[in-house]
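The chains carry the letters A, B, C and D, assigned in the order they are written, with residues numbered from 1 in each.
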Amino acid sequence: MSIDLSTTLGSAWFPAPVFTASGCASSGKELAQFFPLQEIGAVVTKSIMTKARHGRPTPRMAETPSGMLNSIGLQGPGIDAFLANDVPWLLEQKARVIVSIAGETVEEYSSLARKLRAVPGISAIEVNISCPNVENRGLVFACDPDAAHAVIDGVRRTLGGELPIIAKLSPDVTNIVEIAKIVVDAGADALALINTLLGMVINLDTMRPHLGGKTGGLSGPAIRPVAVRAIYQVHAAMPKVPILGMGGVATGRDALELILAGASGVSVGTASFGNPEAPIKVQRELAELLTARGFNSLREAIGFAHRVESQ
Amino acid sequence: MAGINRHAKTMVATLVSNKRVGQYHQLILDVGGVVNDFRPGNFVAVAVGGDRSSMVLRRAFAISRISDRGAYGGTMEIIVAPHGSGSRWFCAQPEGSEIDVIAPLGQPFGIPTHPVNALLVGGGYGSAPLFGLAEILKDRGCTVDMILGASTAGKIYAPLEGKRAVNTLRIFTEDGSMGTAGRVTDPITELLAANRVDVIYSCGPMGMLKAISALTANTDVVHQCAVEESMACGVGICMTCVLPVADEAGVVTMKRSCIDGPVMDGALVQWDLVGQVLPVNE
Amino acid sequence: MSIDLSTTLGSAWFPAPVFTASGCASSGKELAQFFPLQEIGAVVTKSIMTKARHGRPTPRMAETPSGMLNSIGLQGPGIDAFLANDVPWLLEQKARVIVSIAGETVEEYSSLARKLRAVPGISAIEVNISCPNVENRGLVFACDPDAAHAVIDGVRRTLGGELPIIAKLSPDVTNIVEIAKIVVDAGADALALINTLLGMVINLDTMRPHLGGKTGGLSGPAIRPVAVRAIYQVHAAMPKVPILGMGGVATGRDALELILAGASGVSVGTASFGNPEAPIKVQRELAELLTARGFNSLREAIGFAHRVESQ
Amino acid sequence: MAGINRHAKTMVATLVSNKRVGQYHQLILDVGGVVNDFRPGNFVAVAVGGDRSSMVLRRAFAISRISDRGAYGGTMEIIVAPHGSGSRWFCAQPEGSEIDVIAPLGQPFGIPTHPVNALLVGGGYGSAPLFGLAEILKDRGCTVDMILGASTAGKIYAPLEGKRAVNTLRIFTEDGSMGTAGRVTDPITELLAANRVDVIYSCGPMGMLKAISALTANTDVVHQCAVEESMACGVGICMTCVLPVADEAGVVTMKRSCIDGPVMDGALVQWDLVGQVLPVNE
């Protein structure tokens, strides 16, 4: 007897609930050597921008206790090359595809959405708003309620009602529930929680910040308690809004924790660096843990930590 | 591109031997028949620290030599310098330990189709993959000269068996404690001037690779160097290990040293731009 | 030749730069078994409130990857019993004492300051503003610029110019530099960075939040990159304001990282749970590392990561 | 209060023996002469996972028995159930490993000054510290009856040598796989009714301790129980391990089980308030 692992994010349906995390699967090809991409929920692509970008200077990473910092700076080929090469290949593999987009201005997000509107076969768009807004002193969109609203509103209007929008939020805010409400109000169908935390490592040899970009994003198991808290808070405030959870998931038990807190699906990021088979392994372990707890479907487990409590 | 790392496998390999050699550890792992897919220049990514380790990333090590005979069907040797917590953990594992590895990874050294004069230059543990390479080159009829360098004698890795495959071997140490006092770049200039070299294969610190690239610039000598950048994933999915590399048309982009390397054409690597913000070419 | 490890926080001078972290040394007596308290910079006491408090229900802790969650809820004897018993004992040991205070209202902080004004021998007051403000929907003072200002302003006016005030900030804010500036403006002489991050763990057996108080504070090595980043940002913005750094310090190298980022002293919290000798061990290792790097005094190393950079 | 944990020491102890016993591991550590300060009911806090472990907190284990003779000057025995990652790591350590421990910690069992009828009740590995206690009570002329219980035979820990110190030993398992089918609380009622008990010493799951406290309520029988709460520090500095306990005047406060316990007076622990918000008494 196999459990029903299917899930939905807005109008998008997925046969399985484990996804790659944006920026942690490159274009998908590299992981295909390790497991068949169509077996997981979907490949979430690295955040793509309008033009090709070289990204930040090296060093771009530092290992930290149970985590790592990265400062990639959104290196990528630009939307046109991406749509010409990467998306068709993924669809050929019968993988489901969630395209992550990033911009420097409100207008850049809309124009990316315009290009995606016409592309057949994409399941959803993840809007990474943890980017510096060049029009407003580099203030990160996700940390500025007005800018966050403007980006999602622009993408929604451009896309029309078709493709589900998943707004990806930063945990580096005073009140994540407030930002979540604002982007849902602006038209997001689902939320991706959480992006990395801003961190820094000082190199004790050079005695200056280790990363070329000075600060970087903290990810991995170290941040899982922050992810669970954010998911729990947002699910409590808006139980009907689906959440794609992420942050330190490396095993089935980690994924289950996020799901019980309120996630409808789970992305695996940093764990894939330690083990490229992590997404499929997490998915298998999750299925076993759900079955062992008597769940007949993944859906019954979503947000269960809230339900038990109110009994 | 579907062939990215197409021989790579995740596996649990038994550590069959762990010996100190100078300041390094020679570690031999039983990996079975897949060893036949390993090529000189490939590397292995090793999970360190055990199950509940705070170290979440693998460590990369060059595959030094392989053997497909003997008690274990197939073994690979790696030469590890106990550097930080991860490599020290690895060097401290007792024989019989089960080690979680992914191999073979990355682009190997290119092997010439006809006999050439090859110069192999190794810095520190960088010599490790050169001995396996030397055997192959020798089999193809190449002349193989080798120059090894390090700061001090304990950091020269030059096993007796390995020496059989090379025509000449010269050793340089900065403190003069073994071989000639000096750096590996000192003799290269002469060899190049004497037109004694067709291809240089190098592996060692980035500074050494950069210096060799400067020497071979504007010559016909091919310089295949194995670079060493910090890697988070080793399999091409994180974009942390990048280097500025030009294509044939001179357009510079950030290439992943794990998957487009570690062996790269020294003439194309933009050494002066390493660690810099790359100018945008529209 | 022994290096000069002395440091200052506002007008308070300390012969050594390593401190206990508030809430991680109880009243000090328990640690005295493991090392002489006068050898470290100072004992920072657990945050004390006006009345005795039982704190939150158990379970109060969960181990997390390279960290832990706690939800103690400021259990304590109340200021009067504390001043009668704990402070005199610490002073008898010749330990330097920084008293941490916490309140539920702006007025409670001021009234605690009033009681402390008269107490001889205290080196400084740490004001823990990561507490829920009962007068404003439980919003944490440190997350609300106006409330943060009001608390520090009240304490400053009550104390007069004597005792240095160290304002302890929460990292759970969109812009920590903004809050830091506000509390300095209100009269804080120094800043303590960082308090714990809000986190949650779901218990997979009960399938509900593990902690009795549901959410808890995340501490330990896992959060060190966040601490380094916060210290670096605040020191960059206000290089003259001394910072007492904390967050995941377990070794001398960790302490050095915070000092290079801009901390004038370092508190050891969670690491003392793993090793009650951690504060003195960190201090010894720090001295060695500073010496090995050619520093003649701790002071030369404070904020060094900024100086190298501008060369 | 300056005497808090006044014998406690941090030390690196060699694991001299690691044996499986039923579902437990019997671990013997060489701690040297300090062993003479250890009393039944004391516990040890063990660092787990090695240097770069993601597990930052120690694990608490009751000190089962001590020996101040033999090859090692002084050893302590602990009985460990492989439960989660930390205890499993501990049980997997080979003999000869160096283990970072702090001991002795906490309040030991109180020993009566004149001979009494003592009943020792152990649940699962909770029996471990009772055998050392039994020897001391026996030496003081007490009658020592022991009742052990667990869900199944493999979780009963009752070493042969230990049995010599007790007058009677009864075993209960829930699945009937050893001794009588049932729970340890079943026979206690009879023993109490027959006035055969002056003091109960108990160690085991909180539910068992609570049940025994209910049975001894309103009797003259003293109930010394060793509680088991999650502990972050084990030395009294974190306030995570608290239990609601009344003082003689009936005022209930949150006491630290690591330092005010683990041995507590069962009649004073407010079992119904465990895990609840304590009402404020002004």
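Everything below uses one rule, namely that a residue touches a chain if its C-beta (ideal position, glycine included) is under 8 Å from a C-beta of that chain, and two chains touch if they have at least 3 such contacts.
In this text, all values refer to a predicted model and were calculated from it rather than measured experimentally.
A centroid comparison over C-alpha atoms places B as the chain most distant from subunit D.
Between subunit A and subunit D, the centres computed from C-alpha atoms are 47 Å apart. Computed centre separation for the pair subunit A/subunit B is 35 angstrom, with centres defined by C-alpha atoms.
Chain centres here are Cα averages; for subunit A and subunit C they lie 34 Å apart.
Across the assembly, subunit D contributes residues 54-55 that each touch 2 or more other chains.
Counting partners per residue, subunit C has 65-67, 220-221 as the residues that reach two or more other chains. Chain contacts here are complete: no pair of chains fails to touch.
Partner subunit B is touched in their complex by these residues of subunit D: 49-55, 85, 89. Of all residues in subunit C, only 65-66, 221 touch subunit B in the complex they form.
Within the complex formed with subunit A, the residues of subunit C that make contact are 62, 64-67, 69, 143, 172-175, 197-202, 204, 206-209, 215-216, 218, 220-226, 228-229, 232, 248, 253, 256-257, 260-261, 289, 293, 304-305, 308-309. The touching residues of subunit D, counted against subunit A in their complex, run 54.
Residues 1-2, 4-6, 8, 10, 47, 54-58, 102, 229-230, 232-244, 253-254, 259, 274-278, 280 of subunit D are the ones touching subunit C in the complex.
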